[in-house]
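Heads up, the next two complexes both have subunit A, just with different partners, subunit B and then subunit C.
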Partner chain A sequence: MRTFSGRRSVLPKCNGVLSGCNGILLEGRKIKRTGFFPAFFGGGILAAAVPIVNMAVRSEMYLGLQGTAIQILMDANWQMMAMLNVLLVVSGACLLYHVEHADGGLQKMRSLPIREGSVFFGKVAVMMLMCVLVLAMEAASVSFCSWHWFKGQAGGGQWRGEGGNMFAIELCKSFGYAFLLILPCVVLSFLIAEACKNMWVSLGIGVVCVFTATMLPTSSFVLSLFPFAMPFQVFAGMEAAWVTRFACAAVVEIVVLGGVERLVVRGKGAFE
Partner chain B sequence: MDIMETKNLTKSYADFVAVSGLNLHVPKGAVYGFLGPNGAGKSTTMKMFLGLTKPTSGSFTIDGKRYPENRVEILREIGSFIEAPAFYGNLSGEENLEIIRRILGLPKSSVPEALETVGLTPFKKRLARKYSLGMKQRLGLAGALIGRPPILILDEPTNGLDPVGIHEIRTLIRSLPEKFDCTVLVSSHLLSEIELMADYVGILNHGHLLFEGTLEELKENAVSRGYPTDNLEEMFLALIDADNRMPEKRMPEKRSSKNWTSEKRMPGEHRRKGGAG
Partner chain C sequence: MNFLPLLGVEFQKIRRSGIFIILFASTVILWIPSIVNSESNFYMQAEGVSPEHNFFIQGFMAMSWFMFPASMVVGTVLVSQTERMNKGILKMLALPVGTVRLCLAKFVVLLVLSAAQVLMMTGMYYIGAAICSVTRDYDFILPPLFVMGKISILFLSAIPMLSFFWMLSVCIQTPIFSIGIGLASIVPSVLVINTKIWFAYPMSYSFFVIVAEYGKLATNLDTAQVEFVPWIPVAVVISMTCLCVSCLCFGRAERR
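Presenting the complex of A and B:
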């Protein structure tokens, strides 16, 4: 029998406990062959195609409207794009936890020297990166539509000079805001996926939540705070006070849901 | 010296007590056989050692470290295999071990070595979900053995293996304390299997420790109590049967302070049958 060249007990204390970056890399390795990356890439293309197809088919409906190009494009397309984004998040969360639950991978992780909750937060970080990718694709699509259909109009189609800078800033603000508002939905989707060992149950709950969110009246601030409804908010054209309210609400929801995850992790062993 | 020690360790679920007032002493460098019928509380006890289940009351120390204060430090020293092999089906055997290696911060060579130890090298590139039951079992063992942990907790490690595989794994477990200087806590419901592997045995029934000591001590006790000693299987069955006939004995307040376990050995007093430690 061969002897091992490395031994756990002689390792320095800092080893064996995942740092944030290592946790993300590790979660990234676990996703291999699950179809997670192709799903997000395909979903991103689909969501990015929404404004292009919409403008290609009925541009005359939007070209005469008041407002900046981004405002018009987001008002016209964001509900559909946000719905696709949220569905991607829900299905992605189910997929990521399915590999943990299916063959007991999560139990193995819990018996290794990693901090409790690191698997969860590692997965949230991976999903955040994928959300950035999808939103970047969508931003590129909105930029293309703005350049192609709103060229020459105020606030649209300018790639150079001051107008270009303004457009880029508005675009970054819009999609940065969209990123912040999707985070509570990401964390809640993972909480649901972690709690349900059967992927179809968590997927079902997630889909019901998404459709509930689409039915909630947007005029009610309180109802709009439902984590699955938050991503449907549009930055462009929204009053600064409301932008701040929703941003603060999103941060509070992220902190509260993160705290719930901590409690779930701590209480887990008591009921198993 | 005891590397693992429990004090009145108890786990209960609503009105069901899975483990009751367990006082276990696992000597360093020994193979400790944890024996008991299905549902006796073996897996629950092992899960408590790994922090997978929280004790309702009582405490335990592993290598002088207490749970839950030193949870990560305890887990760093333990290689485990609980109930069924746990892995990622979408990854190959090698990739599964690579994940564990990265978490433990081990050198790259530890993966091929662990695969070689359990005889999985030819199948390292195959997806774990396509492994046979025996191969999954071996992968689980490789995950426990990687990095030569000072303590191994193996819950029925030979389940699903063919006779040749059982013999190989048994021989491997038997050799571990000497070759890797580690302590092994291995559970089974088969006395015949434990007999071939363990230096010490702990017999559990309905969450209570009926006996703890060497196999010779077990035989001596059986003789003194008039149980059959022709073979260990019958002796074990008689012991369990006697306990099952006296459920009132299991009530904590009615238990004699001089039960079979406490009569035989006080905590910390161990006579080694052989091996390291």
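Presenting the complex of A and C:
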């Protein structure tokens, strides 16, 4: 994989893990000057600020409530945080494909000895990393809130001993679950962005999908499986059976959408 | 080149963009849940609002909080990106047309897009209300004059927000920042309308006026009402500032 000068080759070969890693590196290089990282960083800060500002302004509304600190904080703030996450994912996906569609970049990529699917999955992998970053910032903010405001209460703000372990486990579970449920949304946004050549079309469809997700009734299980509605689910306080159902549904959606992507690539290759 | 022909040119540019399909799809999606759940309009005694008013205002509230501002962000992306593609903007700047005039023509396109969405929303409202009137055997259709009054308030209150979004897309060359800031600024408007300084935040205007209208229609609800004195001057200052800044910045990056 290395050229004679010792630099890593820009053209990855079509084999296995190395190709996958190179795909991610390549995508990482493409977005260097697009403002993608700062945008996600800023979005993460904004989403992380939501619970802190909410608690700073009206902590008396939440302090007396039943449940663990994470549960209260997530119930109070997750809708808004998830909305910011989903909007970040949608606009990020539009941008990542905009750099390809503009000036026929995707066609040039097609003439290189790489599989076209690796471009897609490279972008998804980059977005997953960004999601981990954003969710980690949000988790840090939630743990700060529970340490600062829920110190004396059960399940909040104990860093050492049994309580601390419980808190850490619940936090990891909550945000791990949030990460799993945002993945179908990531894959679908990229699918839309790949299929539509113009950025406003993909952004428009994405925004309409987010709007649909906010309009769907939360009582219906089938309707809440819409990929853009999944990230709004909260782990804390949810019954174990429902957690499993949503997790299975997320995995199935990722696999199905990945399959659809292969078909789209084949179809586009046949027509262009 | 006079302003009107220039406007005609700008409209020709977005003719095949498909933006109207997106705007239309959002209005259809808006009214479907309202039609399906139209029965719930009869159980609003606690708020003291009549079923036909509730049907109307709930739909417009859902629209003005997220979809209306978000589609305007999409509109700004459309208007600015169609010309950045294939360097179309450079060709326009080479013509004997004033940049300020060009910038304002594009802003008028944006205004027309928002008016089109409000009108589509109203059209779909009448279709939805007609369907519900038949299925529920109750007259949901409100008089056109009443509806016209409300939608003109909605449209007028969105102008400062549009000028802010337009300034973002003109001044910030990196598309992700203008889109990201635009979309992210919509989300806190739910919180802002509950504060005393809502008039300083143009993205919350349209949602605020619709919520205030809801408060007027529902006798038992006490929502904050529109106070014109700090609002109108502040809104005018914000829109004029945003428009001036965007006119000054327009085409600056390309001319360098």
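As a working rule, the second predicted complex is superposed on the first by the 254 of 272 C-alpha atoms of A that agree within 3 Å, B and C clash if a C-alpha of one lies under 4 Å from a C-alpha of the other, contacts with A are read in each partner's own complex, and residues count from 1 in each chain.
The definition used in the following text is that a residue touches a chain if its C-beta (ideal position, glycine included) is under 8 Å from a C-beta of that chain, and two chains touch if they have at least 3 such contacts.
Treat the numbers as computed from the prediction; the structure is a model and nothing was measured.
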Partner chain(s) touched by A:Lys108 [first = subunit B, second = subunit C, both, neither]: first
Partner chain in contact with A:Gly204 - subunit B first, subunit C second, else both or neither: second
Contacts of A:Asn22 with subunit B and subunit C, given as first, second, both or neither: first
Partner chain in contact with A:Leu188 - subunit B first, subunit C second, else both or neither: neither
Subunit B versus subunit C as contact partner of A:Met83, first or second or both or neither: second
Contacts of A:Met130 with subunit B and subunit C, given as first, second, both or neither: neither
Which superposed partner A:Ala229 touches (first subunit B, second subunit C, both, neither): neither
Partner chain in contact with A:Leu46 - subunit B first, subunit C second, else both or neither: second
Touched partner set for A:Lys30, first subunit B, second subunit C, both or neither: first
Touching both subunit C and subunit B, counted on subunit A across the two superposed complexes: 34, 102
Subunit C to subunit A touching residues, read off their complex: 17-19, 22, 25-26, 29-30, 33, 37, 62, 66-67, 70-71, 73-75, 77-78, 81, 85, 174-177, 179-180, 183-184, 187-188, 190
Residues of subunit A touching subunit C in the complex: 34-36, 38-39, 42-43, 46, 80, 83-84, 87-88, 90-92, 94-95, 98, 102, 198-201, 203-205, 207-208, 210-212, 214-217
In the complex with subunit A, residue positions of subunit B that touch it: 47, 50-54, 71-73, 75-80, 82, 84-91, 95, 98-100, 102-107, 109-110, 113-114, 116-117, 127-129, 143, 146-150, 172, 175, 179-180
Subunit B partner contacts - residues on subunit A that touch it in the complex: 1-9, 11, 13, 15-18, 22, 25-26, 29-30, 32-34, 99, 102-116, 269-270, 272
